[in-house]
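Remarks on the structure that follows.
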Amino acid sequence: MSVLSKLGKIDYRWLYITSLILTAIPLVYPIGLSVTLSQPVKDYYSAIQDLPEGSVIAVSFGGSASLLDEQEAQFLATWKTIFSLGHKVLFYSTTEDGPMILQDHLGDKVKPEDYGYTYGEDYVELGFSPLGEPGEASFAANIRGVYAADKYGTPLDDLPMMVDINDYSGIDLLMFQYTACTSIEWVVRQWSVPYQTKVIATTLGCCGPMAAPYYPSQIEGFLSGSGAGTELEVLSGNPGPGAAMSDSKSIGILPQLVFIAFGNIAYFANKYMKKEDDQ
Amino acid sequence: MATLRREIPKFIVMIFGLFMLLGSFTTIPIFDTIKAELTSWTVTISAVSVWLGAVYASYANYRLYQRNKKEGIEHLIYFIVPFVVFGLQFGSGILYGVESPQYRWYFTNIYQNIGATVYAVMFFTLASSAYRTFIASSWDATALLAGGIIYTLRQIPLFQVMIPGIVGAGEWVMLVPNVGGGRGAVIAAALGALALGVRTLMGQEATITEGG
Amino acid sequence: MAGIMELLGMALGTFLIFSTLSMLYKDNVFFRVGQMAVMGSSIAHFILYNMKNVYNNAWTPLMNGDIMMIIPLILGLLMYTRLRRSTAWLARYPSSVLVGIGTGVMVAGTVSGQILDQIAVTMTDVLNWNTSGGSLINAIIIAVGVVTSITFFVFTKEHTGVVGKSASIGRKFLMISLGANWSGELVWYLTQLVGRLMYIKNFVTALMGG
């Protein structure tokens, strides 16, 4: 067996160990690489920025604690952007983890009160409800049908911000945050199509390509993965966890690319040698 | 009895589905109201039935223990651990509330950490499988490889700096050929879902209401 | 400076990260204990939040006079009849309600949102002669991708001749899509790894009094 064909049979554990070591190094010695902005991210940012001050943004929050490493940069940069522009925000969680993540973010990492916000007047948290697609339809048609009270148990009519918000007509922009790739269809079918509500989305890296067919006609912009979160941090001038992760991703991916190259070299070497033998 | 067990459930599917369609395709206010009311029911039904998952998971865990208990004490530990963690976390949530630091302690350190690490493990398994399968052995495989590599390079800051034009190329892959293939898949899947949906609403998909 | 409970939590978290990663070497007792622990933890979490939802949004309105709330509550409880073989058929009623509503809602949006609008945007881009040359070429590539990949999903006609050629081109487009999906997934998992390494780093820093 030639050296080249051996490249296709390297023990996987070399890939594991080199990836682990290379990913860890930039955490100790950061490099500080820059990022380039992409169009869906710019459009996502513009959709928030172009709203008149005081517009109402509904955040359908489907964040997952297990996947927070991938999405936290998107979330934090988004909250900072919204709060700095003075929009009103209506948070509702569609996953059980949602309220815990929001509690950590709004209670500690990006406090709305630091931007002059008052709970009940400028932002409201409705807590968790297992909405799914019918629930999204119900929420768009009648918010009080699925949320009688906010997460603290206060009836919605007792919250000043909610007095005039009953359904989709009180929402200027829907921000859909999800982790199951096909869930993007829910908002297209239940918000974008029936009410022509403006929609933007944030999701995992692997779901971006599946959201792309709906962009920009039905979804005005989207963030997919922590890379897009980092881009939003740069674009909005709010550095956060995304920037800290960039260097490790840059170096940690190298063994994978080298191994894919090895696999292909070995394949073509074998093919060439087989051809030689046949002749 | 067959009417109660099979025919009425099928009728419920049809009638509730019809109300949803009327609520969506007509502008008659009463159907909008019915749609809003009925869709809100799904939320409560789902939330009330969540204990069912706990019962099934406990039963599966018990069956696993029954099958392996002769193999040693470790299987008894596997059997007990979920109940202990459940008891501690559930008790903490009831006693102190789900917003309390006590509850968050379990949530962050057990639930979040293990869940996140499982996905980290997936990096290694996906990487090793790509080493075996991302080979340009045919035109189809080459298309897969090209789409994957270009978009990977586009996502990584190091290559954005090293390879001029990679951002444009990655974005082009995402927004042109990916949209072409993805949109075709969306339309094809929607046509399939539509056919299945119509069959379901007409009571032709018996399997959906046969369970239980 | 981190408190003792916070440090203990981080120590437990770090241990669980290593025990889960140890699976890469081989299946072992620490990995399995962690797996079982997360099962108990997630069930507790799901139940607590769903109970809270039922209390706030169904039980309280019912007590305040919203009598209609009794129906979904009863339907939800009927799901538990599955646990006895003799009563299991009763669970078909709430299932039928969920299926009927879910299907009706899905069908209504699918026609317009995923079929007509998707076709319309594809055609509009191609027929829009005011766009630049590059955009038009891209629109044509997208349209070719849409048509050919739909042919790939036609299973009622044999993939030979023109249909076969079209399906073959469609498969290339789908492969590029899958490649991009794979890439997104790979970088996502890598981010998860970076996140866990950062957690360990934070624990070490906290341990050293940082």
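For clarity, chains are labelled A, B and C in written order, and residue numbers in each chain start from 1.
By our rule, a contact is a pair of C-beta atoms (placed from the backbone, for glycine too) under 8 Å apart; a residue touches a chain by one contact, two chains touch by 3 or more.
Not measured: the values here are computed from a predicted model.
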Quiz prompt | subunit C and subunit A - chains in contact with each | solution = B
Practice problem: With centres defined as the mean of C-alpha atoms, identify the chain lying farthest from subunit B. | Solution: A
Quiz prompt | Central chain (distance from its CA mean to the mean of all protein CA atoms) | solution = C
Practice problem: For the chain pair with the highest number of C-beta contact pairs, give its two chain identifiers. | Solution: B-C
Quiz item: Approximately how many whole Å separate the CA-defined centres of subunit A and subunit C?
Solution: 13
Quiz item: Distance-wise, how many Å sit between the C-alpha centres of subunit A and subunit B, to the nearest whole number?
Solution: 16
Practice problem: Determine the centre-to-centre distance between subunit B and subunit C, using the mean Cα coordinates as centres, and give it in whole Å. | Solution: 4
Quiz item: Mind pulling the subunit C residues that touch 2 or more other chains?
Solution: 24, 45-46, 49-50, 52-53, 57, 98, 101-102, 105-106, 108-110, 114, 118, 177, 180, 182-188, 190, 192-193, 195-196
Practice problem: Pull out every residue in subunit B that's touching 2 or more other chains. | Solution: 24, 37, 39-40, 42-43, 46-47, 50, 98, 107-108, 111, 115-116, 118-119, 123-124, 127, 130, 145, 149, 151-152, 155-156, 174-175, 178-179, 182-183, 186
Quiz item: Do you know which subunit A residues sit against two or more other chains?
Solution: 16, 19, 67-69, 99, 129-130, 132, 134, 137, 146, 194, 205, 208-210, 213, 225, 227, 249, 253, 256
Quiz item: Can you name the residues of subunit B that touch subunit C in the complex?
Solution: 4-6, 8-10, 12-21, 23-25, 37-55, 57, 61, 74, 77-78, 81-87, 89-90, 93-94, 98, 105-111, 113-124, 126-127, 130, 139-141, 143-149, 151-152, 155-156, 172-194, 197-198, 200-201, 208-212
Quiz item: Once bound in the complex, which stretches of subunit A touch subunit C?
Solution: 16, 19-20, 23-24, 27-28, 67-70, 96-97, 99, 127-130, 132-134, 137, 146-149, 151, 153, 185, 188-190, 192-194, 204-210, 213, 217-218, 224-227, 244-245, 248-249, 252-253, 256
Self-check item: subunit A to subunit B touching residues, read off their complex
Solution: 10, 12, 15-16, 19, 33-36, 38-39, 64-69, 99-100, 103-104, 129-132, 134-135, 137-138, 141-142, 145-146, 194, 205, 208-210, 212-213, 215, 225, 227, 230, 246-247, 249-251, 253, 255-257, 259-260, 262-264, 267
Quiz prompt | Touch list for subunit C against partner subunit B, complex | solution = 5, 9-10, 12-13, 16-17, 20-21, 23-24, 29, 32-54, 57-58, 68-69, 71-73, 75-77, 79-83, 88-111, 114-115, 118-119, 122, 138, 141-150, 152-153, 170-180, 182-190, 192-193, 195-196, 199
Self-check item: Complex interface listing, subunit B residues touching subunit A
Solution: 24, 32, 35-37, 39-40, 42-43, 46-47, 50, 98-99, 104, 107-108, 111-112, 115-116, 118-119, 123-124, 127-128, 130-132, 134-137, 145, 149, 151-152, 155-161, 167, 170-171, 174-175, 178-179, 182-183, 186
